[in-house]
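These notes concern the structure reproduced below.
The first chain written gets the first letter, and so on, giving A, B, C and D; residue counts start at 1 in each chain.
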Amino acid sequence: MSARPAAAAFYGTIRLIRRFEERCVDLVRSGDIGSGIHPCVGQEGVAAGVCAALRPDDALLSNHRGHGHFLARGSDPGRFLAELTGRVGGVDRGRAGSFHPSDLSAGIWGASGTVGHGAAIATGLGWALARDGDRVAVSVFGDGAVSQGALLESFNLASLWRVPVVFVCENNGYATTLPAPAGIAGSVAGRAAAFGIPASTVDGQDPEVVYDAMAAAVDRARGGDGPSLVEFTTYRYEGHHTFERRMRLAYREEAEVARWRERDPLAIQAARVPPPVREAIDAEIEEVLDAAVRFALESPRPDPADAADHLYATPVRIRGSLFAPLGAAAVPDGAGPQFRWGFSHA
Amino acid sequence: MSARPAAAAFYGTIRLIRRFEERCVDLVRSGDIGSGIHPCVGQEGVAAGVCAALRPDDALLSNHRGHGHFLARGSDPGRFLAELTGRVGGVDRGRAGSFHPSDLSAGIWGASGTVGHGAAIATGLGWALARDGDRVAVSVFGDGAVSQGALLESFNLASLWRVPVVFVCENNGYATTLPAPAGIAGSVAGRAAAFGIPASTVDGQDPEVVYDAMAAAVDRARGGDGPSLVEFTTYRYEGHHTFERRMRLAYREEAEVARWRERDPLAIQAARVPPPVREAIDAEIEEVLDAAVRFALESPRPDPADAADHLYATPVRIRGSLFAPLGAAAVPDGAGPQFRWGFSHA
Amino acid sequence: MPKLSYAKALNRALTDEMERDPDVFVLGEDIRFALNNVTTGLLDRFPDRVLETPLSEQGFTNFATGAAMGGKRPVVEYQIPFLLLLVLEQIANQANKFRLMSGGQVKVPVTYLLPGTGWRPGWGAQHSDQPYGVFAHLGVKTVIPATPTDAYGLFLSAIRDDDPVVVFCPMPALALREDVSYVDLAPIPLGVGRVCRPGDDVTVLAVGHLVHDAVAVADELAGEVSVEVFDPRSLHPFDWAGLAASVERTGRLVVFDDGNRFCGVGAEVLATAAEEMRLAAAPKRVTRPDAAVVVGCAPELDLAVQPSRAQLVAAIQAVVKS
Amino acid sequence: MPKLSYAKALNRALTDEMERDPDVFVLGEDIRFALNNVTTGLLDRFPDRVLETPLSEQGFTNFATGAAMGGKRPVVEYQIPFLLLLVLEQIANQANKFRLMSGGQVKVPVTYLLPGTGWRPGWGAQHSDQPYGVFAHLGVKTVIPATPTDAYGLFLSAIRDDDPVVVFCPMPALALREDVSYVDLAPIPLGVGRVCRPGDDVTVLAVGHLVHDAVAVADELAGEVSVEVFDPRSLHPFDWAGLAASVERTGRLVVFDDGNRFCGVGAEVLATAAEEMRLAAAPKRVTRPDAAVVVGCAPELDLAVQPSRAQLVAAIQAVVKS
């Protein structure tokens, strides 16, 4: 097992994610991030601990609430933000946005929008990587994902074939508005265990606890002992998606949010770092984020003529002309700003 | 709990199914049952015990190896056989064949060809029936089905919503050629238990043991205590499908088959019935089956002009003319008899 | 007269029908909180007929099939277009075949509602599909209302229909509003199209939200060419007689469809016209390109692969000239 | 020269490619025992590249996506046509979009093989679908070889292609045999059709096993009308230039396609012809009807909804006369 990183390193990661998400909310408000985002504020301890336990060449599949995973794995904040704002300088050249990004240079192989389906993709990836070395694959998903049959199928495959994959469940208590107990008969860990997969439930608010549990699971996978699942109990302080800032959804009590705020991963980790060190880190992060925002907003928007690029690796001719001018688009009048960025559900 | 039927009743059901399947094999050979069949020979004890525990108005969803369920629930052997031979006198007017039949008059609501998917259909059916009374739904599936995500999703729904449904797994040790342990990490019963569903594993070769376990599960459902799963261990003496009679598939040892033949449900139940009673039953069954075969083969074949009948309950106009003459069909020469009835997999 | 929004029309149709028929119930994700504005108020009025589901689309689609066979009329709401691809097998190979396979013994009256098909700006490539052509191809009854009035009437008819019906509601249409008197709302039969704007020189068959764009283009071109806009409203069944009557008069045809070009609705309409109708000029399609995947998060790229008014103008002009 | 069967050609292509490229592996149900004759002999030769799967089609389809992203070339075998509908979302919305969504960072070279698409006599309504049009509509590369030689060459190219490709093998074609010298077997590029039989009066575009019926009909009508038979071989990409060249000469077009009529491949071909090609007579489609569900277990009913030679004869005669 690799040595646990210094407390300051975890603090820096959590702080970076927290501030990144806050900047994103500003950019959602200004209209620069068109999708809105699924903020991971409150869950940063999981991202920090999980990713610190990985080797740079290990492979992670993220999900819709994945900004933290990218930053914790070292994705460049500028290029990542350029992606969220739909710019050609983005990690995916502006083809992914916030919902489906990947950054192979940081070991993140994608984020399927189909909740739960990344688990089997990660299983296949882990199987492939293991044939040529000792890399490990990780699939991160929420509590909502464990009711998706395709995810349960991947538990079976991973267990039967002893695939070096770690299933990470970020149980933040809700799938959009659905409380976990109303969606999950039995338990998250119990579902993995039923497939013969070692499973544990661990505090997700303390990054060092997260790290220790994750490091053990990764070691197990790398050592050839097959898959495991770690369920991290955590909480999101924000709504499911930034659209909740415009809606009143009474699915949880303010008191509950307040209770979880008392176990804020940022505060937990801050307490372990001397104030002057923290201040230096904080300052550096603001500089990094200022530069990231600048980089993103200065990066050019894609050229409509390139709309069919990257559709195929071995290109084929596509009939039907691409249409260039943005202004003349077929958007009915009156659909207005709600239409512009959608008002439905991620 | 209703009283357990007399031993002779179970014997009669098992004997009827056994002989029906044997007649079917003859009809497959003669080309009258075009699909071939998935014989349930060796598993009749499960069908007999499970169906005896149901009220006539309870609803059962069957699967591809379902002939036993139909006969055990009292489907008319003549009309059922007419279905297998594709005649208008069939329980489904010749629209179902052996793979997808239903017979509502006998409480069998269908048999989805999509392995495992009947479980959620039965769950919805059970939910609907429970709103208007105390009928119970039953889903029967094999060991192969428990690796299908959609089935596992139905465990979750049934448990969350306390649906009066009984999941019956006929674990005959193989999904086609795949041994159950190679397909199932963990266990069948353990998968249901993970969703909070009471689950047990029971000897499927003794119909009276089957009955007792099933009656308890049905009582539970009818009493409002929600779903349960009963896994019956059993064995098929024949191949997966009659096509195996033409292929050599070395996926199981003859010695294994022989071991299971020692626990033949027909013999187990015969031992409980006085020989003269048995003989009378046997004779009656042969008469019933003779009549059934006659009825089936005398029933007219469907009229091609009716090919679009029953497509919709509220019909719509379908363009594209139906083509009548059978002889001129677009079947390439040389494709021959193999093509005629398929040589691939159910 | 009150302004009725499209989303409100869906809500009203469902409420009215649940009121009228106790067998109707609704299931889906986050419907207690009516994230899509379709189920607003239903939990209070019909607490035991609003089934909040976990993320188990295949499971609850099959569940609806079973409930329908058991005498209920489920309405299933899906949050995103791709979810209809995820449950395609359950709809097209199961729900839609049980009646046939039972030789008419059972019926399966399920309504599948997608309040938001097509491009969702910002939401990425996996959230911007237009899969209606797939369902029509496979023989599943498919409707796509363009206006609030039609949304009400077609949704109602879908619920009352004894077969599975998929109701596609285009994302850009959801916020549309219309002056309607509630008393005028009524069921609209499946398979009956509508001439939205009469004209003499060319028929534009437009699908879903593009109906409004087609009308706008027709108005814009009014001095130059007289455009008739025809909205089929339901794709399967399809109002071939209605289209034929229009083309009979205009002799020219353009299809305006947000689906992919290859094997799309535009293909079907042009093919049928080529076989059966007399055309004075070669017809045209304005659609998404072949094989289109809308990137979904860069409007420049997204709009480039969706049919535009400018393309429609060009197509009309080309067809009228030739 | 040896007689090569279609099924054997598939087996040979896979064996050759696994020999050549250690990244190729195969997964599916009952493939150790080669129930479909495609994987015969592979377990012995490549014991660690034959993955026998449980009944978890969505799981193992996603698994293949991941393995492909990780540098492998999975070939996934499916037992029944409807299973491709069951995994449509995993193929069309996931495997086929990852390259785009990653801005070109990953490739997903998966081959999906269906050795037995279309009617399976006796097997019922759920086992007799022809869903190739759906994949082409959604932009997934789609091939449908008609002959053993093409089966070898197209399957090989599919495996080597860097994108997801679905290979549909028509049930009635699997037993066909052809005189082929093994040394002549070679990859056949996607998107290149073939004139199977030259002719002057009318082009019959036939898909899959119907190619053989079309040739038989053409021979039968030889005295009366000169029929050219064109086999596109791959549906997406499609050899539009090849078809145009044929129609250019004949001026007449009939499509012979076992898919459903509405939004099927026949629709696409007729639509494109109507838009772009000069036709001397209205074209025709001979297809399954709209919305067809093949009952699948009563040959009288089944054949009634599949395109027939007699219908093709009638269509050719009608097109030539007008």
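Just so it is clear, a residue touches a chain if its C-beta (ideal position, glycine included) is under 8 Å from a C-beta of that chain, and two chains touch if they have at least 3 such contacts.
By chain, UniProt protein names: C, D = Transketolase C-terminal domain-containing protein.
Keep in mind the model is a prediction, meaning the values are calculated, not measured.
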Count of contact steps on the shortest path from subunit A to subunit D: 1
Identity of the chain that, by mean CA position, is farthest from subunit A: B
Cα-centroid distance, subunit A relative to subunit C, in whole angstrom: 33
Chain centre separation in whole Å, for subunit D relative to subunit C (CA means): 30
Euclidean distance of C-alpha centroids - subunit B vs subunit C, Å: 39
Shared interface positions of subunit A, touching two or more other chains: 94-96, 100, 112, 114, 147-150, 153, 156, 160, 182-184, 311, 316, 319
Multi-chain contact residues (two or more partners), subunit C: 54, 56, 58-59, 82, 86, 89, 93-94, 97, 100-101, 124-126, 139, 236, 262, 290-293, 295
Category of the chain touch graph - line, ring, star, complete, other: complete
Contact set on subunit A toward subunit C in their complex: 33-36, 86, 94-100, 112-116, 144-145, 147-149, 175-178, 182-184, 249-251, 301-308, 311, 316, 318-326, 328-336, 338-346
Residues of subunit D that touch subunit B when the two form their complex: 29-30, 32-33, 35-36, 52, 54-59, 79-80, 82, 86, 115-116, 120-127, 171-177, 209-210, 212-213, 216, 258, 261-262, 287-293, 295-312
Residues of subunit A touching subunit D in the complex: 59, 61, 90-96, 100-104, 109-110, 112, 114, 117, 119-129, 131-132, 137, 149-150, 153-154, 156-157, 160-161, 309-314, 316-317, 319
Subunit D residues within the subunit C interface of the complex: 82, 85-86, 88-89, 92-94, 96-97, 100-101, 124-126, 129, 131, 133-134, 136-139, 236, 238, 259-260, 262-276, 279, 282-285, 290-293, 295
For the subunit C and subunit B complex, residues of the former touching the latter: 51, 53-54, 56, 58-72, 74, 89-90, 93-94, 97-109, 139, 141, 161-163, 190-191, 236-237, 240
